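What follows is a group of structures, each given as structure tokens.
Shared between the two complexes below is chain A, which pairs with chain B and chain C, respectively.
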Partner chain A sequence: MIYHTLLFALAAVFALWAVMARKLLVSAIMLALVSVCVSLIFFDFGAPWAGVFELSVCAGLITVLFVGAVSLIRAEDEKRPENRARFYALPFAAAIFAIAAWFYLPAFVEELAAGAKIGSGGGSIGRALWGMRRPDLLGQVLMLAAGVFVIKSVFPRRTQSK
Partner chain B sequence: MDKGLLAYLLIPLLSAVIIPFAARTRPKMADILANVTLLAGLANLLWLALRPSMIAGGFADIPGDGLSLLLVAAVYLVGLCVTFFSAYFIEEGLPNRPAYYSLLLVSVAAMTGVVTTTDFFTLYVFIEVLAVTSFALITTDDSSAGIEGALKYFFLTFPASVLIIVGIAILMMTLGSLSYENLRLFMASDAPAGPVTFASALIMLGFIVKSGVVPFHTWTPDAYQGAYAPVSAHLAGIVTKISGVYAIIKLATLLRFFDGRAQALSEMLMFLGMLSIAVGALAALKQTNFKRMLAFSSISQIGYIVLAAGLGTPLAIMGAVFHLINHATFKTVLFLNSASLEKSTGTTDMDKLGGMEHSMPWTSWTSIVALLSTAGVPPLSGFWSKLLIILALWESGLRVYAVLALLFSIVTLAYFMMMQKKVFFGKKTPASERVQEVSAPLLAPVVLMSAIIVALGLLFPYFYAYVKVVAERIIL
Partner chain C sequence: MNIFSLDWYLIAIIMFVGFYCMLASRSIVRQLIGLEIISKAAMLTVISAGALSNNLIYAQALLITMIVIEVVVVATGLALLVKNFRLHGSADIWTLSSLKG
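This part shows the complex of A and B:
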């Protein structure tokens, strides 16, 4: 229960951070951390396949695409400062949501936990990743390498053009 | 995943990681490492497939299904030609040169992953790695055309990824597994195939978009024209084949098109293949830019492979696999030749070129070999693959498709002869004056590929024996 609550809270904090961050790169990384939290929740609720796919697609692939796109538009982005006043209301909205969740969410989480018991047998994170989806990990490593080389390919040109 | 071929994925990845460090003080190390990695891999693959005992045994001992090995060899061959050509084509002072080679090697590793996996989700992950590297490689050319091509590639191929992932999700829900083998067993049984076929159709539609088949072809001419010429050769030569066409052939065999288990999907695929052949060939006739004409020619030639995959009989699959390999060879030659022309004259506009045969004889003659093979002129390799496809169509009673495929082969010959006449024959234009043949290292990859085109045509019985083994293993 505490573990779930902690993951939900972390996911919410990272999501807020993603919206409020001044730099797009930070937003992309925070979004990846939201996906990591969500995939851990999936694992814990006995849905290792959903967890692995969330980790592969959202935390891996989408993040690399975002980081690649950010590295392409970064020079333009810095020239156009954005009015961010409207985002300051978000922490207050989140606080109100947290108080409401304190009342309503425990019952929902207990219901989910009961469902998790029924669906148990999916195995641990390790078994899901290493036993069932090992080749995907290789794909993830390739994706990370591709992301790094995309940035290395684009940034030197940006630096030179400045 | 085929563990026997895992090293061909891991070693380029390792080299890609080492290159930025090794090239920090010596930029040439990037060229050397990339080329040595691919050359060593190719030599090893050739030994695996073509050692005398293997040929004498009729390729019966070939590891895995045979198709993976063949395609990994094609990936390494085109990759080697592109990296070798790039080493002498791309300017020395390019700041992202090591990253360019690393991206090429990651692309090679991802393609190896695509052809060796036996699971749809893993296939999706590797396809996406390939999409990311292709996008970055197109933007290596920082011009507005390069960025436009990359953005078109992005906006048209990433929705295709959504179709694929939705199809995979539905397949998981209906079949309970994502392995190729389970789909094959399911389609071989008598169970109602509706939802599974629907999921497969979504996945196939995604791969059709990624292949650049008509009517989803609009990204290809801009991407090929906008990218650096060696990158265009890499994309047209092998990337679109592996990221789209290979998966279509694989799905066609898993869905057992040959016994009518997914009749509507099979017919739709054949129709799109025929449409692609026609639209690509007719559009190529009108082009004035060499690279753009080659892009439309690629769309047309991919149509032949898709048409054969849609038919799905063993003979058609043999033709599709053979044409895929042939297309990789002749399109690499033609795109690299367009790069040589661009380097020598500064343009690929065919209206501004003329009489290049006298100043660039090697480029001219290798173009002739490649274009005759593309048009299906005997005894070159393209003739045999087109013959297999047309025979398969005729045998299955699809005579209209067979005749149309033959007629558009003649159209292919027509637009290539027009290109050859405009660019290489006739009188010299101002842009062609004082032009010299490109250096020997830039010619080496195209001469090698042209030799392979001739050899595959002349040694067809051996290659036929190989693709027969492949067709038997992947269909039965």
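This part shows the complex of A and C:
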């Protein structure tokens, strides 16, 4: 239980750090650490497939994309830095939210949990993905195709005008 | 407070941090970082609810879909950032409106 809660707390701390960091590169690395914590939470819950996807795609691929984009705009960002005053207020705002949530959230969450219908817990991820949720896979392929088309349309091939 | 309530309490704090980041910043990169943090909180909510209702298999299938969508959204957002930066030399989200055709 302590390990489980510690991972959640670490994810919250790294998220706060990612937002508060002055340098965008530090923000990207902290975001990767949030992903690592989230994937460890998935493993702890007994969801290894989601953990592997989270670790390889979110902590790996997305971090590479962020670092690439940050390295492009870093010089400009350091030349004209953003106003940091609003970010310095974040710990205080988060503390106020945390205190308010400590008193008001548990009752709401326990009411939600009381309405949960307990499932059988059987089956395998293969059956869930390939048997019962096959239309989702079509949706995922179409989603990836949509992403490729967006990037293709954002960066069209330059044609020389005659 | 039981373990499920404590999980959701910490998830709510993570989500608040993500929303604050999106509200406070005008940089496209920070907007995407805020979106990522909110998406992580949403994923934790799904897996926690799946564990509570003993439906981890379906929660995992849903999470894999969410991860794919997240990657596409981030790649598209960063592509818009690069395009905007090439045109205006700025990562300000308000200059994105000038990309319209």
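Everything below uses one rule, namely that the second predicted complex is superposed on the first by the 95 of 162 C-alpha atoms of A that agree within 3 Å, B and C clash if a C-alpha of one lies under 4 Å from a C-alpha of the other, contacts with A are read in each partner's own complex, and residues count from 1 in each chain.
Keep this in mind: contacts are C-beta pairs under 8 Å (C-beta built on N, C-alpha and C of every residue); 3 or more make two chains touch, one makes a residue touch a chain.
Everything numeric in this text was worked out from a predicted model, so none of it was measured.
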After superposition on the shared chain, which partner residues are touched by A:19: those of chain B (first), chain C (second), both, or neither? second
Touch test for A:143: chain B only (first), chain C only (second), both, or neither? both
Given the touch rule stated above, what does A:135 touch, chain B (first), chain C (second), both, or neither? first
Please determine whether it is chain B or chain C that touches the greater number of chain A residues. C
Where does A:61 make contact in the superposed view: on chain B (first), on chain C (second), on both, or on neither? both
Check whether A:100 is in contact with chain B, with chain C, with both or with neither, and answer first, second, both or neither. neither
For A:6, decide between first (touching chain B), second (touching chain C), both and neither. neither
In the superposed arrangement, which partner chain does A:45 touch: chain B (first), chain C (second), both, or neither? second
Once chain A of both complexes is superposed, is A:53 in touch with chain B (first), chain C (second), both, or neither? both
Residues of chain A contacting chain B in one complex and chain C in the other: 49, 53, 57, 61, 65, 68, 72, 133, 136, 139-140, 143, 146-147, 150, 154
Residues of chain C that touch chain A when the two form their complex: 1-14, 16-18, 20-21, 24-27, 29-30, 32-34, 36-37, 40, 43-44, 47-61, 63-65, 67-72, 74-76, 78-83, 85, 89-91
Of all residues in chain B, which touch chain A in the complex? 1, 9, 13, 16-17, 20, 95-96, 98-100, 102-103, 106, 109-110, 113, 117, 119, 121-122, 125-126, 128-129, 132-133, 135-136, 139-140, 142, 158, 165, 172
State the interface residues of chain A toward chain B in the complex, per the touch definition above. 49, 53, 56-57, 60-61, 64-65, 68, 72, 133, 135-136, 138-143, 145-147, 149-150, 152-154, 156-157, 159-161
For chain A, which residues are in contact with chain C within the complex? 1, 4-5, 8-9, 11-12, 15-16, 18-19, 24, 27-28, 31, 34-35, 38, 41-42, 45-47, 49-50, 53-54, 57-58, 61-62, 65-66, 68-70, 72-73, 76-77, 82, 86-87, 90, 93-94, 97-98, 101-102, 105-106, 109-110, 113, 116-125, 127-129, 132-133, 136, 139-140, 143-144, 146-147, 150-151, 154-155
